[in-house]
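Take a look at the structure set out below.
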Amino acid sequence: MPPANPFDDDKLHEECGVFGIVGVADAANFVALGLHALQHRGQEAGGIVSHDADEGFNSVRRFGYVRDNFTSQSLMQTLPGPIAIGHVRYSTAGSKAAVIRDVQPFFGEFSMGGAAIAHNGNITNANALRRELIERGSIFQSSSDSECIIHLMARSLQRNIPERMEDALRRVEGAFSIVAMTRTKMIGVRDPLGVRPLVLGKVADGWVLSSETCALDIIGAEHVRDIEPGEMVVISEKDGVESTFPFRPRKSRFCIFEHVYFSRPDSVIGGRSVYETRRQIGVELAKEAPVEADLVCPVPDSGTPAAIGFSQESGIPYAMGIIRNQYMGRTFIEPTEQIRNMGVRLKLNVNRALIKGKRVILVDDSVVRGTTSRKIKDMILDAGAAEVHFRIASPPTRWPCFYGVDTPEREKLLAATMTEDEMCEHLGVDSLRFISLNGLYRAAGAPDGRDTDSPQYCDACFSGEYPVAPSDMIEKGFETKTAAE
Amino acid sequence: MPPANPFDDDKLHEECGVFGIVGVADAANFVALGLHALQHRGQEAGGIVSHDADEGFNSVRRFGYVRDNFTSQSLMQTLPGPIAIGHVRYSTAGSKAAVIRDVQPFFGEFSMGGAAIAHNGNITNANALRRELIERGSIFQSSSDSECIIHLMARSLQRNIPERMEDALRRVEGAFSIVAMTRTKMIGVRDPLGVRPLVLGKVADGWVLSSETCALDIIGAEHVRDIEPGEMVVISEKDGVESTFPFRPRKSRFCIFEHVYFSRPDSVIGGRSVYETRRQIGVELAKEAPVEADLVCPVPDSGTPAAIGFSQESGIPYAMGIIRNQYMGRTFIEPTEQIRNMGVRLKLNVNRALIKGKRVILVDDSVVRGTTSRKIKDMILDAGAAEVHFRIASPPTRWPCFYGVDTPEREKLLAATMTEDEMCEHLGVDSLRFISLNGLYRAAGAPDGRDTDSPQYCDACFSGEYPVAPSDMIEKGFETKTAAE
Amino acid sequence: MPPANPFDDDKLHEECGVFGIVGVADAANFVALGLHALQHRGQEAGGIVSHDADEGFNSVRRFGYVRDNFTSQSLMQTLPGPIAIGHVRYSTAGSKAAVIRDVQPFFGEFSMGGAAIAHNGNITNANALRRELIERGSIFQSSSDSECIIHLMARSLQRNIPERMEDALRRVEGAFSIVAMTRTKMIGVRDPLGVRPLVLGKVADGWVLSSETCALDIIGAEHVRDIEPGEMVVISEKDGVESTFPFRPRKSRFCIFEHVYFSRPDSVIGGRSVYETRRQIGVELAKEAPVEADLVCPVPDSGTPAAIGFSQESGIPYAMGIIRNQYMGRTFIEPTEQIRNMGVRLKLNVNRALIKGKRVILVDDSVVRGTTSRKIKDMILDAGAAEVHFRIASPPTRWPCFYGVDTPEREKLLAATMTEDEMCEHLGVDSLRFISLNGLYRAAGAPDGRDTDSPQYCDACFSGEYPVAPSDMIEKGFETKTAAE
Amino acid sequence: MPPANPFDDDKLHEECGVFGIVGVADAANFVALGLHALQHRGQEAGGIVSHDADEGFNSVRRFGYVRDNFTSQSLMQTLPGPIAIGHVRYSTAGSKAAVIRDVQPFFGEFSMGGAAIAHNGNITNANALRRELIERGSIFQSSSDSECIIHLMARSLQRNIPERMEDALRRVEGAFSIVAMTRTKMIGVRDPLGVRPLVLGKVADGWVLSSETCALDIIGAEHVRDIEPGEMVVISEKDGVESTFPFRPRKSRFCIFEHVYFSRPDSVIGGRSVYETRRQIGVELAKEAPVEADLVCPVPDSGTPAAIGFSQESGIPYAMGIIRNQYMGRTFIEPTEQIRNMGVRLKLNVNRALIKGKRVILVDDSVVRGTTSRKIKDMILDAGAAEVHFRIASPPTRWPCFYGVDTPEREKLLAATMTEDEMCEHLGVDSLRFISLNGLYRAAGAPDGRDTDSPQYCDACFSGEYPVAPSDMIEKGFETKTAAE
C-alpha cells in the first residue's frame, strides 16, 4: 500500500490515462511505453492486460511508476500476445488507503469469453448503479465506479462483447473514454459529450488507442484521428477499424482544463497543439492584465508556455527565476518532521542572484487552494524581489469536477470563497490576475470567445455549469450553482 | 548492487557532492536536505555520518537517491547528534559493479578518536600511494582513491586530526574539496588550485560546508563566503571557524565546466551566478555564430539558460521544441530489449505541432560522444523541421578530465577525432557551432578572455593543458598534449 | 508470486486451515496465532478479515508464512475489531502460478451488508456451478472453487446472511468446513459427511472456531466440542452459539488421513488424540508386520509416533537414525542446478555413526510417489546399514482425493500401478509393509475394523470408494473404481 | 539490519561455523551447502568468498539464512572459481545492532596478493591487540575481534601468506578454528588447545575443511580426519595437504558443550558420535537420578537423544509430550505486544491428551537463565500433569564462556546464584537433577570421569576453570573463580 503524498502540490489532477494496441508482436511492451508517456495523467498505479492465443489473458497491476514496474524482461514476459491494453491512475482524494484491487484494467469472464476494460473519466450515477447491481446479486471487488461497467456487461442479454458494452454504457451517466479488449478485438468509446480525450493511431500493422498523441510519438505511431464524442470503434487485426455511434447525439463539450494543465504540451487535441494554446493564453493574459516589471518567470514546469507567451506579448524578458530539483519524487515513506515541513522547498528553489531587487511576474497555470502560491511568494520575497505579480493561465477555479478529475471539496477552493482582490491580499502579492473565461476560449481556438448559450467546452470548474447532472453527488447533498446561488 | 544505466545520456558527470553541518540539533536531517539539493552532482549513492555524545559515530550508506533513503524517521533516528557530514557520488565509468563499501564518507578510528571524510575530486597519484600503503601494512576496504587519505592520516605522527589531515593531504596530488569531521569539529579543505567548489554557510548557530550554494538555500542558510583554494577551515561550536593555508600557494584554477554544466543554475560560484554565466554564453554564442531561423529551442534541461540568452541576443523567438518526460528515472533493472533501444525517446519528445516546417536552432551545453545529439537531430527532422542548427554552449570537449569528472576515454570523445566540420557532417545537421574558448571565458567573467600564459580556470577538457600532471594515468600510458602532438 | 517448490517432498497435502473468533478485543491477533498453529495445513498463503464498528471490514491476504506476515504491529493495526476470521492455504498442484486474488477469505458485499468466508475442503460440482453463475451474470475474481459459495449467496432470495449461506450450501456438493463472518456474527458449517474437521472453543468472553484443537491451545482457549457433520452454528457476542442442522442427515465419513498425517499430533479429533492414534498404528504395524532388526527409526518428523509405537510393541530400540535440518524452508527462488538436485539431502541427513552395520526399520507415514522413499533408502545404505525395512503407517495410497487434499494424478501414485512386492523391489529395500485398512481402523478407534457396508471414515484414497461422486472430475473423464475395474 | 529476537530461547549459542573447499568446479556452491548444514552454529548472517583466475576474489555477505541468500543462480554466479570459503555467525549478545561489515569472511589485500579468513572462536586479548594496531596506523572496519588477525597479517614481515598467518596467530590468545584462503591455497588452523572443532574431508579431487562432519555428508565428502589442536594445514590442488604445528604444544581441551548441545547429533567429533554421547548422557542421568514416573519426554528438539537414553535405562516409556511448531522462525520485525508475550508458546505446545494425569520426566540439555524451563513447566501443569520432574543433560551452567559462545552475564545464569534445591523451588517442579561433571565425562568417553589435575575437556562454563586467561575481560573487571571465591 503506497503512502499518501504528505506534500501539498496544490494542483487539480487528471485521474487516468488509457492506452491499447492490437496487431503487433509483444503488444504489452508498446502499452508500457505508451503508459510511460501518459504517466502525467496518473502516477499512483498502473496495470496492463494482454491476451495470447496459447496463454489466454494475463494481467499485471502495480503501484508506482510505469518505468519502475513495466520495464523488466521477466515481468513483461508474463504479458505475451498481440493485443494489450493498459491504464495509469491517480488516487482520488477522499478514498481510504489505496488497494491493488482498485487498479485497472478490470477483467470479467463472460460466457462468451473474457474482456478487460480501462476507463478514464467518472460515472456520475455510479452509486445508484452499484446499489442496483448488488441488489441483483453482483459482487463488487473494488471501490471503483468503473467496475459497474463490467457488471452491467455481465448481465447484458446481448450475444457479443461490443454489444454488451453498448448496452452497459447506455445505463452510464458521466464522462468516459474507454479502451477495452476481448481475445481478439480492441474497443474504444468516448461518451457523447467527449469530455475526456481519446485518439486513434497506427504503427506498422497495428492500431493504437491512446488518451493523448504524445503516447503515439513514443512508439513511433502515426496520429490517424481523434475518436469522436459518442463514437465506438471496434478494432481487430482481421477487420481493421469499425465505427458506430451508439448513443443519442449531443454537442461536444471537451474538458478545457486538458488544454490548461492536464495534457502534455507536446500533445495535439482536437487538431490544436496544447503548447500553442498555452502560449496563446500567455499572450491573452499579457493583453488583459499587463504590468510593468523586469522579468517574466514561469512557475515550473506547467507555467512555462504561458510565461513564454506573456514575455513575447509584453516584451518583458523571460527568465528562470525558480529552479526545479529534478530528483524530487512524489511520495515519502514515514518522512521525518523536517521533511514533512519542507513542502515546496524540496522541489523548487529561487534563483536568488537573478531575482534580487527585481520586479517579477510569476506565471502559473492555476490557483487551487493557494497554499503553494503563498509559499512561492514567500520564497521570492525572501530572495529580495522588489515586487511580485501573479498571472494565472486559467480563470478562478470555483467548482469541483465530477468527470474524472481529483478536486478538493468546494470549500477548500480558494476562488470559491474569495474574490480576486481578497485572494491577492490573502496571497500577499503586489497584483494577482486570472485570465478571463472568454480569453481562455479565444486562446483555445474560439475567436469569439465562449458561446454562453451553448459553450464549446466543459468549463464547469470555472463556471459551475455542469453539462451532466452529478446525480450521485446531488443525492449526497451537493448544491449546484442554481441551487447554491 | 544497482544496475548500470543502459541509456547513453552522453554527458560528462560530476562525480561527487559534499555537505556538512555542525552546531544544530539533528544535524543529519540538514545533511539529508543538503545532499538532496546536491543530487545532480551524484545520483548513484549517498552516505551520512553523524556523531552524538551518547551514541558515538553512526553511519548510513546507501545506493539510490537521497530522497528514497534519507527521509524516513526510522532511518534518520539512527543518525543522532549535532554534527554530521554527507556525500553523494556518481559511479566512475571504468569500475566493476558498484559496492557499498566504495560509498563515502569513509571512516577511520585513530588512537585519538574517529574521523570521517567526504571527498569531491580525484587524487592523481592514488595508485602510487595505495601501493606504498599496502606495502607498509594498511588494509584497503574499497577501490576508491579517496580511501588513501584516511590511511595516510592513520599513519601520521601528528597528535590531532586536523594536523594529521594536513600531513596526509601534503602527500596527495590532484583535486580535492573535502568535508571531514571528528567528534566535535568539522573540517573543510580545498586543494591549492581550488578545482572543485566548496562554500561556507551559516544557519542559526550552525556552520555549513557545501559544494554549492543551492544546498544552503534549501536549509535556509546564509552564504558566508567560498572556501579559498588551498584553505583549510576547522569549525566547532565552541571556537567557530579557524582558517589556515597549509599548502604552498598557487594561482587558482577553478573548473570552468562547473559553470557550463555541473553546477545548478541557482548556485553562485566565486561571486558569479551560474544561471547568468550560462545565459551570457548564449549571448556570446549568438554573436559568434548567428544564423537565420524561426525558433531557438533548448535541449532540456541543461541548454535552457543559454537558449534564453541566444534568443534575447538574436531576437529569434524562444520555444519549447523538445519536451522532457518528468517520470524518467536513471536506471532500469533487467530492461526489455525494446526499452533498451528506446534511449533518449523515453526521456524526450519533440513538440511536433510546433516544429513542423520551421528552421530550428537547438542549444545544448556540450557534445561528448555525439550519440544523443544525433538522436535528437533525427527526432527533430522526423517531426518535419525545415532546418536544424546546433549551437553548443561550450568549446569542443577534446580531453578527458582527471580531477573528479567522469569522462569517456579520449578516443570516444567526438571532438578528439573530428574537426568541427566533420562533426557537423557526422551529426547530419545544417550547421554546428561551438562557443570559442575566449567567448566562454568572457561569459564567465573574464572581459579579455583567456589569459594564455596563466589561464584563470582549469579548462583541460577543452585545451588539454592539465594544471596537475595526471601521474597515475601517465604511468598507465596516457599521452598528454605535448606528448600527443 | 511465490516460486513453486522444486523439491519433491512426496506427501499428500491438506489444502487449508480455517480459524475465527468473535467477542474479544483485537480479534485478528488471535486469528494470526491460530493460523500460525494451523500452518501445517497450508503454507503457501494466508489471509485475515476483521470487522470493526468504525472501520468496517478490513482484509489482508499475503503469500508466505503467517509468522512472516501477520506478526507486525503496523500490519495488525489495519485489522481492528472484535470479530475476525482467517485462512491458510496450500497451492493446488495443477494450477498456474499463484495469484493473490485466489487467497481466502473471500469477501462479498450484499444488500444487507458484507460477509467473508474461509473454506476448507473442495466442491466437487464447482465447474458446473461456475458455468451456471457466469451464464447468469456473475463475475468471478479468482480461479478458486470456493468463490462459487459467495456468488450463490449473492443471488439467494433470503433476507439474512446465515440463511443465504444455507441456500448456497444446499447447491454445493463435496466437502466443506467453513468459517464465515458478517459484521457481528461468526458462522461455522460442516458438510453432512463431516469430511474435514472443525472444532468449537471458548476463551474468556470469546468464541472460537478452528480446524484443529492445537490452535485453541496456542491462545489458551478451552475445547468445547467438535462441530457436528451437517451442523451450522451462528455465533454472536449477544446471543452466543445457535445451532441448526440445515442439510439432509447422513452418516458421517470423517477423513481418516487426518489421523494418519494431516492433523498435528497434539490435536484431538472426534475425542481421539491424534498422537495416540498414530502410536497405536505403530503398535498394530509391529503386530501385522514384525521383522528382526537392531533399530526402529522414524522418517522425520511425521513417522515419529508410529515408530515409537512400533518400538514399544516389538521391543526393538527406538533411535534417531535420520536427522532433520531445522533451517530448511519450503521454497527457493531461482535455485542453482546443484541445489535443485540435492532434494531430500538438504533436509535430512543419516546419523552415519549410529546406522553403520545395523539392521534398520524405517517407519514412515505414507508412500505417495515413492521418490523420497528411494532417496532415503539410498542414504541409509550409503551410510552402511546392513538391512533396510520400510514399515508404512497407512495402507497403499491408490486413489486421488477430491475433498480438499492435494494428490498427484492417479498414474503417479506408486500404489496405483504396483503391488506391494513390486513396490518393495522398486524401492530396493529388504522388506516393505503397509498397515492393513482394518489395522488402521482399529488404531483409529474401531475395535472391529472397517465396516465394509458402511465405513466409519472416508478412506477413498485407499479404497477408491468415494462417498460423494466427484462429478466435475467424472465430466473430465476420471474413472471411478467401478468404472476402472 | 535484522531485528533482534524478542523471544527468550534461553540457550547458549555457538557463535560461528566455518567451511572451505578447494579443487572443485564452482566451489562456492559446495560452500553454500556446507554452510546450510552448519546453520545451527550461526543463524544471523553468512558470507562466502571465492577466487577465480579470471575474476579474482569475489565476496557476498548477507544477513539471514544460507538457504535464503546463497541458493539463487544469479547470486551464485557472482562467486565463480575452484576455491571458496564461508562462514555463518550468531550475533553476540552485548553488541549494538548488527552491521554487514562485521560479517565474515574478512578480506585483506597484501602486497603479495589477497587473503580471506573465516574464524570460529574468540580472541581473548583482542582489545589489547586492537589498541596496539590502531596506535600503529591500522584502520579497523568492523567491531569484530577476528579482524585483528588480518591486520596482524598485513604487518607481518614474512613473505608468504601462510607464514604471515603463523606470525599473526602467535600473537593471538584464545580459541580459534580458522579456515582461510589465498588465490590458490586453503589454510586450516586450530588453536593449541583445540577448543573448537575443525575436520578435514575429501570429495572427488577436492579437499574440504569444516566445523563438523554433518557438512561433509551433505556434499557427499568423506571424513578424512580431524585437524589436530595446534595444527596448521595448507592445502592446494597441486600439492595436496601440507601439515605443520607452528605453536608450542599443549594438552588438548576440546569444548565439552559441543557434545552437549552445539554440534549436530549426526556429527562425529574426535571419533565420537555426538548422538551416542547424548544418548549415553541420558543413560548416566537415569542411573544418577532415577525417579518413578509414567513418561519420559524430551524438550524438543535438543533433549531428544538424552531422553531416549533415559527411557532405555529406566524402562519408563518414551513419548512426545511436547510438540514443536515447524513453522517458527527466529525473528519477528516489530511484533505486536501479543506476539511478544507468547514466547515459547509460539514454538511449543503440550500434547494435552497424552500428558493429562501423568507423572512426567522432562529431559532438557541445559538450564541457562531458567526462563524457558519455567514456561514449559507451566504449560505441562496447565495440561494436567500429575508430577513434573526435570532431568538436565549437563551440569549447572555457572560461568560465562569466552571462547566463542554467546553466554549471558554471570549474574543472569540461574546456577551462578542458586543451589540445585533453590533452582528446583524457583522452577516449581517436583524434582530437578543435573548430570554430574563426572557423569558427563563418562558419557563423553572418559570411563574414569574427569581428570581433576588435567581435565580432558574445556568445561569452564561448569567448573569456572579457564584454560586460557580471559585477559580482556579481566581488564574490564571480570573476576575468575579463584578471585571470586
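General remarks:
Here the chain labels run A, B, C and D in written order, and each chain numbers its own residues starting at 1.
As a convention for this text, a contact is a pair of C-beta atoms (placed from the backbone, for glycine too) under 8 Å apart; a residue touches a chain by one contact, two chains touch by 3 or more.
These numbers were taken from a predicted model, which means no experiment stands behind them.
The contact pattern of A-C recurs in B-D, the pair among C-D, B-D or A-B where over half of the contact pairs coincide by residue number. With C-D and B-D as the two chain pairs, more C-beta contacts join C-D. With centres defined as mean CA coordinates, chain D is found 50 Å away from chain B.
Here the spacing of chain C and chain D, counted between their Cα centres, is 37 Å. In chain D, no residue touches at least two other chains. Pairs of chains in mutual contact: A-B, A-C, B-D, C-D. Contacts from chain B toward chain A in the complex involve residues 26, 29, 32-33, 36-37, 39-40, 43, 65-68, 71-74, 76, 214, 217-218, 264-266, 268, 273, 275-276, 301, 304-305, 308, 312, 317-320, 323, 325-329, 332-339, 342, 345-346, 349-354.
Across the complex, chain C is touched by residues 100-101, 108-111, 131, 134-141, 150-151, 154-155 of chain A.
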